[in-house]
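First subunit A sits with subunit B, and in the next complex the same chain sits with subunit C.
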Partner chain A sequence: MSGSGPLWGPATEGAPDPRSTPPAFDPAAAPLAAVHAARWYGNVVAVNDVTFAVGPGVTGLLGPNGAGKSTLLHMLSGLLAPSSGAVLIEGRPIREHPDVYRRLALAPERDAAYGFLTGREFAVLSARLARLPDPDAAARRVLAMVDMEDAADRPIGGYSKGMRQRIKLGAALVHDPRILLLDEPFNGMDPRQRLHMMTLLDGMAREGRVILFSSHILEEVERLAQRVLVMLAGRLAAAGDYRAIRRLMTDRPHTFSLRTSDDRAIAARLVHEEVVLGVQVGDGELDVRAADYGTFTRLVARVAAEAGVSLYELRPTDETLESVFSYLVNR
Partner chain B sequence: MGRHGVFRQLAVLTARQALGRRRMLVALLAAAVPVLVALVYRLAGGQDPELFASDLLNGIVVTTLLPLVALIFGTSVLGGEIEDGTIVYLLVRPVARREIVAAKLLVGAAATAILVGISAALALLISLPPSLGPGMVMASSVAIAWGALIYTAIAVALTLVTGHALIVGLIYVYLWEGVIAGLFAGTRLASVHQYVLGVAAALDPTQPSLLQAHLSAASSVGLGLLVAAAATVFAVWRLAGFEVAERP
Partner chain C sequence: MPLIATENLTKRYPGAVALDGVTLELEGGIVGLVGANGAGKSTLIKILLGLVPATAGRAIVLGLDSATRGTELRQRVGYMPEHDCLPPDVSGTEFVAHMARISGLPADAARERAAETLRLVGLYEERYRPIGAYSTGMQQRVKLAQALVHDPSLLLLDEPTSGLDPAGREEMLTLVRRVGTDFGIAIVMASHLLGEVERVCDHLVAIDSGHLVASAPLARFTALTRLLTVEVEDGADLLARRLTDAGQVVRQEGRSVLVDLDGPAPYDLVRDAVVELGLPLVRIEQRRHQLEDLFRGDSPLVGEEARP
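Take a look at the complex of A and B:
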């Protein structure tokens, strides 16, 4: 993570500590910031002491389902008050300054819509509520942007999930916001639409807009975001340059499950390899812990051939996002 | 786009969302009841139309129909947005919370006043002789509009307190307005039912009115205004602190 970059947070090099505040951190100067922000519902902690700031460009909010991403986005958009700490938009608490909504937009994840309105009516409604001088023109502009002109005069109630996602995004963009908060914006979109939306958001980011979008899918974040906030169980597990975090993710120890014609023979050879951290022979299965993913997968085929052992199955056992993220936290 | 553009947009949106809900059918069916009762009375060649009309107005329209319809509309105008989750689209816009509440309240009260007012007008015109009918319709229309505003304000406020606003509202109407306010004279000062009757009786063309009002017109207007204003201010305050959780 570069210290001079527009995103601050717990360092990704060294032990991640969400409480640490790097010297460059200035929440009042950032378009979007959280300072020890926490939110709980009764006894359930949804967001736990999160501190970061986000600047222009696309930032991905990555984390498994239930990590607190939506709660955080709802706090940033002023729909939820932090239970403790603060959430700042342009340096001010948003719930006390609704005027900020002239420059901020939210596309929520929840599939709520005025089913009786047409896409165009919804866009015009959004433009009027945003107090734009020419609501019809603004609506036409965003309908074209999100590629919804053909279906614009049909009721939203009959839209597919992907179409609803696009009209939601279009409505959010109607006032040409400087800060854009998107909660799982690509859910339900087909690959072509997804690409179109990513190109659109990428272009907006290049114009200097601040875009924060949540996703539980690594590939989406990888393609769009230069910087990421990684959330796990309500905490900020990592923040910073995407590539640095991705490297941490791929360089971490991996566990594999192997099925072979002779588990003991191949295990005996694998334990001598540098990349192999541990081997456990189980019931018709061999579990291997390796220091790095690529080296091990190349190695195991060679070792099996040398030992004359047939390799039936090689399966990474911890590839869920949860395991990737918990590695980042416990590292 | 001025302030009135936003207000009108909110009002149109509210009308389309709230009036499209299934519970509107209940309101329509309920509104048919006074008309049917008046038809039966007329066809049976009923005696003493003034007493019948007063009983109809007091006993069916003001006691039951008006609060029922006001609660149905009043809990739908904002409650519908909360239930459907569409309230998010209003809250993340630079729109004052009082503007949202005002538009919702106005649409709910107007819809109630029109539906109940038409129902009462038809029933009165059917049961009363032409000499009394129009005057009584005027009195009932004004009183119903007044009651619609107060009851709707209470209903809108309730939707910002509980997710079961309609049920809580019905319990309030039938327990407080129906039973307790009838038992203890002191509670009549805090009874919307009495505010409506007070206004109706003052405008009643047959004097002394048979409507059994316990409050003067001035008290009915003043106290009603107090209740409606308090409920509205409370609703604006609750909406300002309103929170939307994606998945609690």
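Take a look at the complex of A and C:
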């Protein structure tokens, strides 16, 4: 269960008292979990009663500015105590167990490095703080990982934004943590650095690491993350595979765009299918609205074959993370 | 007369070459400017604004030599910098009206234009509050408004969506597109997000380590490839095997199978294989080149436009 987590966050309406409902998964078994975690600053509630588990692989943390993403990451990293509820790392509350820091790292959004240090000095400093037996070797290893060997001996103050992001990630990785929390790690990176970072994170996910990263760039999250957590005004609006979340939005028809050898012939057959809500024949293109994604995707090729129509193009037009996100936010 | 013409434009800083002999001609529309960090994008923008002199070569913007007629040029160009540049203690209205006056508008006209421009970028009652209390999205709008307030012919935008959340990005991009199409203002937009460039721009300029890598209409970077992407919800391995057995050249990529497209035969083979295997078919689409290929070194255009 740790891998998938709950599909939806705690209900916001009609539920008795969410605090009395046990989570739908075993938080003790998950590498990283929040159980009814909340954080408020005076009267401002930054994170409001969130419960979820994050498993190995890459999970994207999404939400508008001010939704509570950074506060959540800081709580998960142990830097910030929850006002109520708990954060569990491998089943143990992080606040009373500082040794779990060995298993976890946070790369915060803001620059946390001293400008007068060189990249290498910063990495060595981080390795010393983690009490690693061979800080120099650890620093060398991460500098190579984040592709910063060439600039390693220049002061961080002169680095570009993309380089500062990479040295920050390198320093976070120095003790080889299993759990990685990254707050907007792609900010300021150029296209090539983004590609490199994606490959790096993807590779670390394949090694079984647990990676949670926040981002505003939905195309990137979609490419990298198998699952997402969506924060909205301090609450967890949704959690899980965004495709599965999309399927649960049964009030939104699934739309597809088709190009075929005979749009009219296939349209005539499609309208007779129960799952098809509507068909629109346009200029060289056919738009189909379907009530159920699974049924339609299993049926469309068969209908085309029976009609003797060639399928040149079939595109889902409303299944991206971007449409899922905007439905959640504008609900 | 081209909108922007540079000739052998070169800028050397002590110990570094920011631009190295860039020759470029742009006609207008919405131009995306992409390149690695430190590739010379910001330097190019500063030279085009006449704020930084070139070491060699020249840049003609709106028919004006940027080295000698900078002041005149800046009256007709709007600039939205990437960095934080707004005074926190004045209101949006005051700041934008002030910028209008700096551009030479009389006080009355400046006030009117400021109100109009702020409405255009979507700032309403907030415009009387001090800028320091604005959200990132509102600050970006003020930056755009001050670049537009003197009705420029050319707008230079440096990472206009920086720091914005998805809704804010969407609104900013819609606004940029609108300014470019409805108001007919030429735009050069620097961005690291290729998805944004693809959505908004008509033309793309890529520079790397001070060199011009490519300059061409956007469509030429996203030309069709000879690969057919077939995405199935599950069973991609089964489909790949079936198509291979049918004599097709295929490669599996996650949930997708890529089929070599040498004529129309694969279309029906794919359809029938999917039916026989009973797979949920999500997508059939001829793959396009991606802007990202520019940064992988396998774009169809790299090198082609680099030499005049």
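The definition used in the following text is that the second predicted complex is superposed on the first by the 221 of 331 C-alpha atoms of A that agree within 3 Å, B and C clash if a C-alpha of one lies under 4 Å from a C-alpha of the other, contacts with A are read in each partner's own complex, and residues count from 1 in each chain.
Operating definition for what follows: a contact is a pair of C-beta atoms (placed from the backbone, for glycine too) under 8 Å apart; a residue touches a chain by one contact, two chains touch by 3 or more.
Every value quoted in this text rests on a predicted model; they were computed, and no experiment measured them.
> According to the stated criteria, A:Pro185 is in contact with first (subunit B), second (subunit C), both, or neither; which is it?
neither
> Could you look at A:Gly170 and tell me whether it touches subunit B, subunit C, both or neither (first, second, both, neither)?
neither
> Is A:Glu109 in contact with subunit B, with subunit C, with both, or with neither (first, second, both, neither)?
After superposing on A, A:Glu109 lies in contact with subunit B but is clear of subunit C.
> Once chain A of both complexes is superposed, is A:Arg194 in touch with subunit B (first), subunit C (second), both, or neither?
It touches subunit C, and subunit B stays clear.
> Touching A:Gly119 in the superposition: subunit B (first), subunit C (second), both, neither?
So A:Gly119 meets neither subunit B nor subunit C here.
> After lining up the shared chain so the two structures overlap, which partner does A:Gly57 touch, if you call subunit B first and subunit C second: first, second, both or neither?
In the superposed model, A:Gly57 contacts neither subunit B nor subunit C.
> Regarding the shared-chain residue A:Pro316, is it in contact with subunit B (first), subunit C (second), both, or neither?
In the superposition, A:Pro316 touches subunit C alone.
> Tell me which partner A:Pro27 touches in the superposition: subunit B (first), subunit C (second), both or neither.
In the superposed model, A:Pro27 contacts neither subunit B nor subunit C.
> So, does A:Ala301 touch the first partner subunit B, the second partner subunit C, both, or neither?
Second partner only, subunit C.
> Enumerate the residues of subunit A that count as touching subunit B in its complex and touching subunit C in the other.
In subunit A, nothing is touched by subunit B and also by subunit C.
> Taking the touch rule as given, give the residues of subunit A at its contact with subunit B in the complex, in rising order.
41, 44, 46, 70-71, 73-74, 77-81, 98-99, 101-102, 104-106, 108-110, 112-114, 116-117, 125-126, 128-133, 135, 171, 183
> In the complex, go through subunit C and note every residue touching subunit A.
Residues of subunit C touching subunit A: 34-39, 135-137, 164-169, 192-195, 233, 264, 267-268, 270-272, 274-275, 278-286, 291-292, 294-296.
> Under the definition above, what is the set of subunit A residues touching subunit C in their complex?
Residues 62-66, 160-163, 188-195, 216-219, 294, 297-298, 300-302, 304-305, 310-316, 322, 325-326, 329.
> Which bits of subunit B are touching subunit A when the two form their complex?
1, 5-6, 9-10, 13, 16-17, 20, 84-86, 88-96, 241, 243-248
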